[in-house]
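These notes concern the structure reproduced below.
Going in written order, the chains are labelled A, B and C, and every chain counts its residues from 1.
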Amino acid sequence: MQLEASAAGCWAALQACRERSPLVQCTTNFVSMDIMANTLLAAGASPAMAHSIGEVEDFVGIASALLVNVGTLSDDWVGGMRLGAQAAVAGGKPWVLDPVGCGATLYRSEVCAGLLRLKPTIVRGNASEILALAGAAGGPTKGVDSTAAADDDALHAAQALARQHGCVVAVSGAEDLVTDGSRVLRVANGVPLLQQITATGCSVTALVAAFVCLFPGQPLEENAAALSYFGLAAELAAADGAKGPGSLRVGLLDHLWTLSQEQVLAGSKIREG
Amino acid sequence: MQLEASAAGCWAALQACRERSPLVQCTTNFVSMDIMANTLLAAGASPAMAHSIGEVEDFVGIASALLVNVGTLSDDWVGGMRLGAQAAVAGGKPWVLDPVGCGATLYRSEVCAGLLRLKPTIVRGNASEILALAGAAGGPTKGVDSTAAADDDALHAAQALARQHGCVVAVSGAEDLVTDGSRVLRVANGVPLLQQITATGCSVTALVAAFVCLFPGQPLEENAAALSYFGLAAELAAADGAKGPGSLRVGLLDHLWTLSQEQVLAGSKIREG
Amino acid sequence: MQLEASAAGCWAALQACRERSPLVQCTTNFVSMDIMANTLLAAGASPAMAHSIGEVEDFVGIASALLVNVGTLSDDWVGGMRLGAQAAVAGGKPWVLDPVGCGATLYRSEVCAGLLRLKPTIVRGNASEILALAGAAGGPTKGVDSTAAADDDALHAAQALARQHGCVVAVSGAEDLVTDGSRVLRVANGVPLLQQITATGCSVTALVAAFVCLFPGQPLEENAAALSYFGLAAELAAADGAKGPGSLRVGLLDHLWTLSQEQVLAGSKIREG
C-alpha cells in the first residue's frame, strides 16, 4: 500500500499502528523510559525496553522495529546497542538511531559514528546533533538542546548523511525536516512548550520506529506521519488549555490515544519540498 | 488478626498500610521506577529502590518486604536480586517476584527460574509469564504483554506453581486470580485503559509487597486486597472523566491517596472460588 | 550583583535562571530522572543527565553546575560521580551533593563521606541524612525519609558540617534550613503532600544547582531562593485544588513554568535567623 505524504497518509499510518500494535524494542536512556513507553502505548504500539547483551537480539527477533537512543550512554550499554542494530539488519527489520547529544562530548560522537556504520533505516536528531554526526561544522552542542541556528546547514548535512549512508534523516525544529537525500518532507505540527517536557524528542523518535515497520519501503512518509501525529496531539493538548509542561504532558498522552480521523485530516501538516 | 477475602478485608489492609507505612525495598526495572515509587507513596507506604550488591542486603534488613522485578534485566543486576531474596528469606521477611516478560527470551526465563528457586512468598505475572514460568506450553510472549488467551490454562499453571514452590501465585487479567495451590481468590477491579499506562502491572505488584507484610501468614488475602485497591482507584479515576492514559495516571495516584472506607466497601470486588 | 535573602531575591534568582538557562549536569538516581529533568526545564534551566566516566568530565566542562545524587547507588556509577566532582572543582564550577539515604547502609555512608571530601559547594539532605553525614548520632535512617525528630540536632550538625568542609548545608523539613556555618536562612514554603511525590527532594536539589551558578559567591541566598521557588509552586498547585499526589505533580510543574513576579513577591517566605 502506498502511503501519502499528507494528512491522509498520517491517518493511514496511525490507523495501521493501532490495528497492528507493532512491538518496538527500545534501547534508550533512563530519562526517557517512562514517557517513551507511555507514548508507544498511547499510540497503540507495544514497547519492550531491553538493553542487555544477553537478550537484546532475542527481543529484536520478536519485535517489528528497533530504536537505539544514546541519551545516558555508558560502555556497558554500547554492546547491547550494537548487537540490537546488527540483529535488526540481519533480520531485515528497520531500526532508528537517535544520536542524543552527539557533538557534546567526543565519546558520544564516536559511539554515534560507530552506530551509524551499522546502517540505521532512519536517523533523527536536532540540528546540532545532525550537524555533529555529519562531521559538519557545529561546535559542541549545549547539552541535548539544539544550538544550530541555521536550518539550511542542517538540511544540507542531513541530505549528505542520507545519501552517504542510504538512510532517511530527520531534523527536528520549529518545522521538522525529513529527507532521503533527494526528496524533502516538511512537518509543521507541534508547540514550542514541548521543549519544556523532557524526552518528548526521544519519544517521538520511538513513534517513528513504530510507524516505520508498517509500510515497508516508505520510511520517508512513515517518519513524517509519526512526527505530525505527535505534534498534532500536542497542539490539541495546548488548545485544551494546558497551563504548563505538567498539564501539556498529560494532555499529549490523552490525545495520542484519542486522536480521531477528523482531527488528523484537519490538523496534520505534511508537505513536500 | 484475620484478614477477610472481601471488601472489608481490602479496607483493613489499606488502613494498616497507611498507619504502619511499611518500607518496601524494590529492585525493579528502570521504566517502572517513577510510577512504582509514587504508587507506594500514594498508598502510605515508603519505597527504597536500591539494587547494588553493596547494600541491597542492608536495605532488606531495614525493610518490611522486598520486591524483585526483572523488567530491564542485565547480568550486573542479577546478583543484587539474588542477594536481596536470600536476605529476605534469611530474615523471615516476605518477598515478591514479578517475572516480567518471562518466556520472551531464554535469558529472561532462566533468570526467573533461578529466582523462583529462592522461594518467593508471592509470584505475580500475566498469563503468558506464569505459563512460561511454570514451564507450561505458552510460546514466546509478545514483549511484556499477555498473549495467552486461555485463562484456565494460566490458572492451572499457577496452581501447580504454587503447590510446587510453596508460594502464592497471582495471574493478572480482566479478572485477577490469586491462588495458593488450593484456594482461589478472584478480583474484578480495574479498567482496560490501565494497560495503556506503562508499569501499572509492576506498580500493583509493589503494592502487593507492601500489603503482604501487614498480616503475617495471610498472603492470599493481602494479595487480593492490594489488587482490588489499585483497580478500584483506577475505576474511580475513569469515572472522574479521565480522557486517556495521561489523565488516568494522574487520577489513579490521586485516588490511591484519597480512597475512603465508603469507597472501598462499595467498590472492592474480591470473591473466593 | 547582591542577592537578597528575601522574596525579592527569590524573584531575582528565578528571573536570572529563566534568562540565562544554565546547563546543569545531573548524575542522579534512576527514580528521579524524569521529574528532575522536567523540574529544571520548567524553571528555564537545561538538564544534562550523563554519568559515564567516558564523558562526565566533558559534560561538566560545558555545564554551569553539577549535581551528584547517590539515590540508586552502585559501584559502576561512583567513578563518574567522583570524576564529575573533581572536574567541577578544577573548573571553578559549583557542585551540589544530595546524600540520599546516607546512614541507611554502611556502603552509602562511606560513598557519601568520600564525595564530601571532594568539596561540594552545597550539601542538601533531610535531617537524618545530614546527621548521618556529620557522623552525629542518628541511627540508621528509614529508607530515604527523615526520622530525626530533633530539628535542632540537625541544625547543629549542619553548621558543624558547613564549617568543617567550607560548604553550605541545607536541611529539608517543614521549614528548610540553610547555613554556611554561621548564618542561617529559613524557608517556609512547600506543602506536606510533596512528600507523597517521589523525588521532589531530589528535584529541588537540582534546582539549587541551577541557581547556585547564577550569583557567584552567594550560595546561601541562591539555595534559599531555589527552595522557596519550588515550595511556592507546590503551594499554588495545592491552592488550585490538587486532589492528591498525581495532580499536585502536574500543577507543580505548571506553576514552576508560569510563576510570576507578583506571585513570588507575595508568597516567597525566606528569613534570616
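A few points about this structure:
We take it that contacts are C-beta pairs under 8 Å (C-beta built on N, C-alpha and C of every residue); 3 or more make two chains touch, one makes a residue touch a chain.
As the structure is a prediction and not an experimental result, all values here were calculated from the model.
When the CA atoms of chain B are superposed on chain C, the rotation angle comes to 120 degrees, reported as a multiple of 5.
Residue numbering at the chain A/chain C interface overlaps only partly, since under half of the positions present are found in both copies. One finds 33 Å separating the Cα centroids of chain A and chain C. Counting partner chains per residue, chain C has residues 30, 34, 76, 249-250 touching two or more of them. Residue ranges on chain B touching chain C, taken from their complex, read 23, 30, 33-34, 37-38, 41-42, 46-52, 54-55, 58-59, 62-63, 76, 249-258. Of all residues in chain C, those touching chain B in their complex are 29-31, 34-35, 71-76, 101, 104-108, 140, 142-145, 195-199, 242-247, 249-250.
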